[in-house]
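Chain IDs A, B and C follow the sequence of writing; residue 1 opens each chain.
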Amino acid sequence: MPGRTEFIQTIGKALGRGAGNAGDADIFTTTASLEQEALLARIKTRSAAERKQLRGVIEQVAGPLHIDFHPEDNLDDIAGAIGRLILEKDPEWGTEKSVVRWDHPLLSRLHLESLAELDGVTLHTTDCVSGGQGAKVSAAAQRSAIRENVEASFIGITSADYLAAATATLVMRSRPGHARSASLVPSIHIVVIEEEKLLANLEELYTLLKWDPEEQAQGLTNCLSLISGPSKTGDIELVMVHGAHGPRELHLFIVKGEAP
Amino acid sequence: MQKKDNVTLFVQCIVDTMYPEVAESMVDVLEGLGLHVDCPTEQTCCGQPAFNAGHQQVARAAAEKFITIFEGAQTIVSPSGSCVNMVRNHYQDLFKDDPAMLARVKAIGERTFEFTEYIVDVLGVEDVGARFNGKVTYHASCHLNRFLHIDRQPRALLANISDMTLVEMKDADKCCGFGGTFAVKFSEISEALVEDKVNNIIASGADVVAGCDMGCLMNIEGMLSRKQSPVKVMHIAELLAGKSYE
Amino acid sequence: MSEITSAEYKKVAVDSIADPVLQSALESLQSRLGPATQNLYQNLPEGQELRKTAHGYRRKAIDNLDILLEALADNVEKNGGTVHFAATDKEAVDICLNIARDHDVKKVVKGKSMVTEEIGLNHALEEAGIDVAETDLGEFIIQLADEKPTHIVAPAIHKTRQQVGKLFSEKLGTPYTEDPPTLTFDARKALREKFLTADMGITGCNLACAETGHITTVSNEGNIRMSTTLPKVHVAFMGMERIVANLEEQQSILRLMSMGAAGQQIGGYVSYIGGPAAENHCDGPQAFHLIIVDNGRSKILADEEFREMLCCIRCGACLNVCPVYGKIGGQAYGSAYSGPVGAVVTPLLFGVNNAADLCTGETLCGACRQACPLEINLPRMLLALRAKLSEGDAKWGVQPKGKSEKLMFEAWQKIIKRRKVYDLFLKIGYVLQKILPAQDGMIRRLPFPFNGWTNNRNLKPLAAKTFMQRWKEREGGKQ
């Protein structure tokens, strides 16, 4: 790599590297502190009642963050509510109503395609595996089809890996079937997430990402997004306007946990 | 609480030469609290103007003179947060490469107190029994408030002055735009800042703007006077000494 | 490569003070963002101590910068990205031009990035025939108006809705409106087209994480996500100091940065980007290039006096409280970096003598340090710069500024050295001041070089007797 060695040497020189100054051996943290272990344990053993409390927190913070929090908490009601949103809302860029969703088990269980009222609406899935009619389609062709569908859709429906309650922060990772653009390009973003995925705050999220063995194995992937509300800007006279480039609206549904 | 005994006055040059009555009020208050006050009369300036302008050699010479004069003093008290900040904090910057001097300036810095800090934190007194008939607003000067973290002390002393109404101005802790030579070199910016300050003071409805630094108050007074405003500037020592304004 | 106009500081400052529209914009900015940020600090669940802790994280990262950059580069490459190291602005620009050439890039969408402003990237891309669209709404406005950003986070803060309305109707052909939501929609529409057709997205990097090999980008508008998701190539520029070692450190710093930048708990969109899209993923760029830029930073790193400046994360919180910025706005600072951070960084990056007024044109009130999420001691560094400027400095190639001030202070030193001499000068002053114009017992006009004071202010005259004289008389009376 041109320049790297020299570049790093220049920094080393500026830092006075040499005998007795090799840098801090403990610069990377490799073992969790007792507090972090305790926090991990607390996250893993969180009760249904505590999760319900977190739901309450989100309900409170959603308003100021301009997030539309919906009270429906079971899949049937959520599907109905999403159906109504699709019918009520108007496309921003055209007249056709297309909706795109992740290829995600929770979203499949909504069975949106079976909602009778969505007859004239095209439902797309960002499905990387199946491609076209049984024929093997190239990855590039699949990508461009997904891109076309996302661009054409006025609503994007996704789930999320986690939801940190204190800041209503959704955590999404790039995965097969989980298009990054589905939460970004359509004018309206709808998120459906299970109550089990609720965390108290960002500290919990980062503690999980850093120290939980499963999370460590998975890593952040090449793109992890934290989303706390719809797109907004205050660049003209600090007047807050929602829908700068990303979604103008963010609708949030939390699926109630299974009864123990 | 420290034993009430000797305090040595470190008088800001602006007070010494332009506002001597402020130092006199400070003496009245300290003596009223049962202290014995002395004042080395060969003192001149702590060197802050030179230091702030980047002339560290000159500032170092001033600091050396200061140390010679005050090193024997047990407790040093000054009517200026800015000057105390210079002695307590910046002297250490000036002598950071000279361990022997650094130790000396550190020691002297620990014995140097701003007037209200000394009364409240060292003596443990928040009410000196003063009385003042009028409406007063407090300007929290920058070096005092942000560098020495002294804000509660002057406010507590003011709050305990009987018959006095204390009103809060907008942006009480915002810079008045003095900044030493800045006020002359960048006078247009400085004026714009002091204009805001003066407008806020006037809007507060106060008869008097009080503070703990005559540098700021001199700047503020300069514009109040040009605007022919009846609002007066008073150092907190004057209020605590029971001075009235004419 | 980018030109700096800091020598015009005073002139532009005076013009800005005289501009009532700008004054009201600055007042509105500071009265809203400054207190909002303080309020968040005061309510930190971890307490304000977190700011000191986070400063420690940054400082440790800077002290281990070589180790962290190596780790970051290795991790990014492992994830399929390409890392470039640019010692100078020119190298950085050339690397980007080469990438653009390799991918046959015609259209670029850009997220707001201070380092690309610093190296003058847009100009170079345009010279190469590439269409560059700034996509942050503020930057978009600035680009249409062909102006320079005047605030690190809110680049078009100096523009009114009327000015933006006029600009949009002229340049975008949209009907004139003064309604910010409608104007935002007009920009949204114009830029959507750009996002959907761009071949390359260029962004900065708020803070990289060495251990995972990711850069982070933070925005509220979503423009950076657009720029890093839709085009086939993503090029990220990163000032070499914008890195921490560990994820948990980043958590604190990103939160503090959001508080400082926009009075938010956390930015609306925070993205971790570690490389190009994986092969089996549905979207994202096919190529990811990270360009790490020195451009004078290693010199700052080598100087213990200024190393702390590399802890800065460019949130702009200091601009939202600085009394001087609040009067003169961002243009006067003459570089991409304005406000207190600009007053320290611009001289260090572009030459102390070139930005002499920036070092001295502040009141040293300390509001910047109080507002900084990391409590960076900007006043200390301003003082250090002033010392270099007054006394000269070979290492930084600083020529001492004009002799007259130095002579004045040396004379002053002689005067204050002995009280007798001092008293003599005070006596002379006391006599001479009587010939100056007066108003109500105050001096109304001072002679050169002090005349600036009395343009709109009076000055208290010297007292007939100093306190020291009065004291001596009092003590004498006692005996």
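Rule of thumb we're sticking to: a residue touches a chain if its C-beta (ideal position, glycine included) is under 8 Å from a C-beta of that chain, and two chains touch if they have at least 3 such contacts.
Since this is a predicted model, take the numbers as computed values, not measurements.
Visitor: From the C-alpha centres, identify the chain that is farthest from chain A.
Guide: B
Visitor: As a test of whether you follow the contact definition, which chain pair has the most C-beta contact pairs?
Guide: A-C
Visitor: When the C-alpha atoms of chain A and chain B are each averaged to a single point, how far apart are the two points in Å?
Guide: 55
Visitor: Measuring centre to centre with CA averages, how many angstrom lie between chain B and chain C?
Guide: Chain centroid spacing, chain B to chain C, equals 32 Å.
Visitor: Give the list of chain C residues in touch with chain B in this complex.
Guide: Touch residues, chain C against chain B: 10, 13-14, 17, 323-324, 327-328, 357, 359-367, 369-370, 380, 383, 385-391, 405-406, 409-410, 412-413, 415-419, 422, 426, 439-440, 442, 444, 449-450, 452-463, 465-468, 470-472.
Visitor: Quick check on the complex: what are the chain C residues that touch chain A?
Guide: 25, 28-29, 32-33, 45, 60-61, 63-71, 73, 79-80, 83-87, 91, 135-138, 141, 154-157, 159-161, 164, 180-181, 183-185, 187-188, 191-192, 195-196, 210-212, 214, 220-223, 225-226, 228-230, 240, 245-248, 250-251, 255, 262, 265-284, 288, 292, 294, 298-299, 301-302
Visitor: Taking the complex as given, what residues does chain B use to touch chain C?
Guide: My answer: residues 11, 15-20, 23-24, 39, 41-45, 47, 49-58, 61-62, 65, 90, 93, 142-143, 146-147, 174-175, 177-195, 218-219, 221-223, 225-226, 228.
Visitor: List the residues on chain A that touch chain C in their complex, please.
Guide: 1-4, 6-8, 10-15, 17, 23-24, 27-29, 36, 93, 126, 128, 139, 142-143, 146-147, 150-151, 166-167, 169, 174-181, 184-185, 201-203, 205-207, 209-210, 219-239, 241, 243-247
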